[in-house]
Amino acid sequence: MLENIKYYTSVALYYFKLSLQKQFEYPAMIISCVFMIPMMYGTGILLLYFMVHNFQPLGGWSFPQLAFLFGIGYLSHGLMMVFSVQNWWIESYVLRGEFDRMLLRPISVFFQFTVTYINFIGLVDVMVGLTIFLYSCKLINFVWSLHNIITIALVIIGGVLIRSSIFTIFCSVAFWTKRSESLFLLLNDMMERTTQYPMTIYPYFVQFILTFIVPIAFISFYPACEILGKDGRIVFPLGISVYTPIIGIVMFILAIMFFNLGLKKYESAGS
Amino acid sequence: MAFLEVENLVKEFIVTKKKEGLRGAVSSLFHPEKFKVRAVDDISFNIEQGEIVGFIGPNGAGKSTTVKMMTGILHPTMGSVKINGISPHKNRKAIVGKLGVVFGQRTQLYWDLRLGETFELLKRIYRIDDKMYKDNIKMLDEVLNITEIIDTPVRQLSLGQRMRGDLAAAMLHSPTMLFLDEPTIGLDIEAKHSIRNFIKQINERCGTTVILTTHDLGDVEQLCKRLIVINHGKIVEDGPLNSIIERMAPHRYLVVELASPHQNLFHPYAEVVKTETLRVWFKFDKSRIAATELISDLSKTYPIRDVSVKEPDIEDMIREIYKKPVIS
Amino acid sequence: MQVEFNNEAKGYVVMRAYCYLAKMKLLVFLSYRFEVFTSLGTNLIVVLANIYLWKAAYKGIDSVAGVRETQMLTYTIMSTLLASFFSVNIEHELQERITHGDIAIDFFRPISILLKYLAEDIGIAISSVLSKLLPLLVIMTVFVQPPVPDSPMAFVLFLLSAVFSFLILWLISALISLLCFWVLQLGEMKTVKDGIVLLLSGKIIPLWLFPKKIQRIIEFLPFQYVYQTPLSIYIGKVQPEQAAVPMLIQFVWIFLFTVLLSFGWSRARKRVLVQGG
């Protein structure tokens, strides 16, 4: 057992090292993202600020609360971009026969797929998210108790798992249809719009779907509701935040299963 | 038990037919027309450890599909593949660590980094210990001159060097079986020569079984003691190269150089296939008449200054094989 | 023997040619339907999210800065429609050709390559009216509200202003692509420009919500004249009588950028012909 963990860790670490080296070959990309990403998300938060400032709290959420929601959602987005951006490329891997190469190696294909690319540019997203989050914590006078820190950590991890799983499941469709790249962008936009703003501004059926069918609302909305003490329109027993990591793990297992199902289809249909 | 056993292997694909024109495009949206294609149609063969086997066949014959099934990347529709008793697509991880695969047109090397980086990665993935790694690098250096290029970024390597890199990468974990898919494609003579040399050497030194798909008949001539010809998804020929040549092209050529021009040379057991002013090409069946006999017969009748005997062209032979109708 | 085409026959031939072109376009559309639908979906999601945000903002409030809720919703819908119309290809094309060195040939062509790109981009813009703008418009009208202009005059002025905006945006993109001649590894300059446009053009955040001091500064930049100007005319925040000034400024920016572009282009040309690509 220990042998296995050492094995997988050493392989993963080496893949990370190669990813890093590969990305530093193209510095222009990094530089432009360092400028572009903060601007994009800065616009988002600025819009919220101007709206609240000129109008009123949105759906009953004051700006500090909105910023908190935004920040906590954006942190899991950033980490997702670091670790699972390769879901975007499943389509191109299928078409180029990359999975053939992975199938020829004596190690789980899903594992190879997960560690083959660590997107260091995603760290820009993480930095921006962290800044917004910490700033909002100051605004709402967040109490940094041990309980709260653990809650936040679990919510973030759960959020990352939920996000990655959704992308993996939808983009794995490429194993059947050979198309899924543009789906990634669509999903990304959808997830952004529904984790940056309170669910309560959307119609009820939207919240219903995003709670019980595709559990996006658990990424940031419900945890923020619980921490900030706001009414989430749909109420759950127990503390809501505890659901996020659990759902995250369940979703991740579903994603692996679906991915492997797609791989089987790929193995019988060829490329 | 043979090392690699392929039994009644069948692969069917479902292909959607795209119809023509606007009406066709719309109807394909709702009622796509599908039909089955048998890319591999009931083939069987065995390969023993240590053999070098050539797989040839026209494009679309089913070669790569067969190879993919042998390596476990593709699931057969029917039939079985067993390597050392284990089915590669059922027990992927058990088998794959002992196989080496090189695709001629796609590389497994990291494009932007030094060749050595890919080797280090493979060392970890295949759990190659330090000693084996060192020994293998040394051996690969002797056979492929690998240390010359190990520090160069892969994108700066020439095609021949990149192929050497891919071969080394495939051999790093000491596989017992090597699958090479068009390894000499696009290479110059020098490079082809060193690749063929490499294959011969690792087969001799390490006993590696080599399965080689190729369109290059030089590869076939120099490397393959055994040849499997696939056409329309079926095996058309399977056997030692020499006996196939004997059977398919049992003739030889005799080139006769005359002392003075002569017209209408004739011999009952030989056919004139080409004439120039002072030279005549004869084609004869070596089972009907020996070369020496033919030469002595002709020299009795005609003023012959010089002769040479030529073996049949493998290319002609292969073309003949491809033309043969495939019996279902 | 002389064969004479009468006008009817000519017309028939031309008609067939256009029908064939249209059929081709449709075939291509059908084969790329997946991408088209997902891009439509993306636009829809973005605009709907903004609509709900504004509804939440305006709940119980009548108007802010003289703008009522229906006007703001119209603004948001029209902003997305404009964005789908403003797709520009020149930056990709030009950057590609510069990095691959093909650009040298272009300098020898009789027709200015810039005009060719402009024509292409206008073509793309017009075709995206059909493929992107119309479907969005229909969906928005049915599910949210029809984006009615403030007055017929406002609509006419809006159209003119939108054309100016297109040109300004196109010129900015062309100028940025020009930088490729000097800075080869431009990376994703386009996205940085997009980011700035996003923030300062009124595309997402109407500029009248910014603090007064910042508004002053933004007025000196060209970005506000890309989205804010046509959109404010459309919803009536800027009445037709007041529209002359911002539209004139649009025109000034077009003039400025054109001069800059031709200057930069001839400099680039000299550089290429001297250095050899």
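As written, the chain order gives the labels A, B and C, with residue 1 at the start of each chain.
The rule is simple: a contact is a pair of C-beta atoms (placed from the backbone, for glycine too) under 8 Å apart; a residue touches a chain by one contact, two chains touch by 3 or more.
Everything numeric here is computed off the predicted structure, so don't read it as measured data.
Colleague: Walk from chain A over to chain C along touching chains and report the minimum step count.
Modeller: Minimum number of steps from chain A to chain C: 1.
Colleague: If you average the Cα atoms of each chain, whose average lands nearest the overall Cα average?
Modeller: Per-chain C-alpha centroids compared to the overall one single out A.
Colleague: Return the chain whose centre of C-alpha atoms lies at maximal distance from the corresponding centre of chain A.
Modeller: The chain farthest from chain A, judged by C-alpha centres, is B.
Colleague: Which whole number of Å gives the spacing of the CA centres of chain A and chain C?
Modeller: So the centre of chain A lies 31 Å away from the centre of chain C.
Colleague: When the centre of a chain is set as the mean of its C-alpha atoms, what distance in Å lies between chain A and chain B?
Modeller: Spacing between the chain centres: roughly 47 Å.
Colleague: Could you put a whole-Å number on the gap between the CA centroids of chain B and chain C?
Modeller: From the centre of chain B to the centre of chain C is 56 Å.
Colleague: Residue numbers of chain C touching chain A in their complex, please.
Modeller: That would be residues 34-35, 38-39, 41-42, 45-46, 48-49, 52-61, 64-65, 185-189, 191-192, 194-196, 198-199, 204-205, 209-210 of chain C.
Colleague: Taking the complex as given, what residues does chain A use to touch chain B?
Modeller: Touching chain B from chain A are residues 7, 10-11, 14-15, 18, 21-22, 25, 96-97, 100-101, 103-107, 264, 267-270.
Colleague: Quick check: in the complex, which residue numbers of chain B touch chain A?
Modeller: These residues of chain B touch chain A: 13-14, 65, 68, 71-75, 89, 92-94, 96-97, 99, 101, 103, 106, 108, 110, 112-113, 117, 120-121, 124-127.
Colleague: In their shared complex, at which residues does chain A touch chain C?
Modeller: For this pair, the touching residues of chain A are 26-29, 31-33, 35-36, 39-40, 42-43, 46-47, 50-56, 58-59, 179, 182-183, 185-186, 189-190, 193-194, 197, 201-202.
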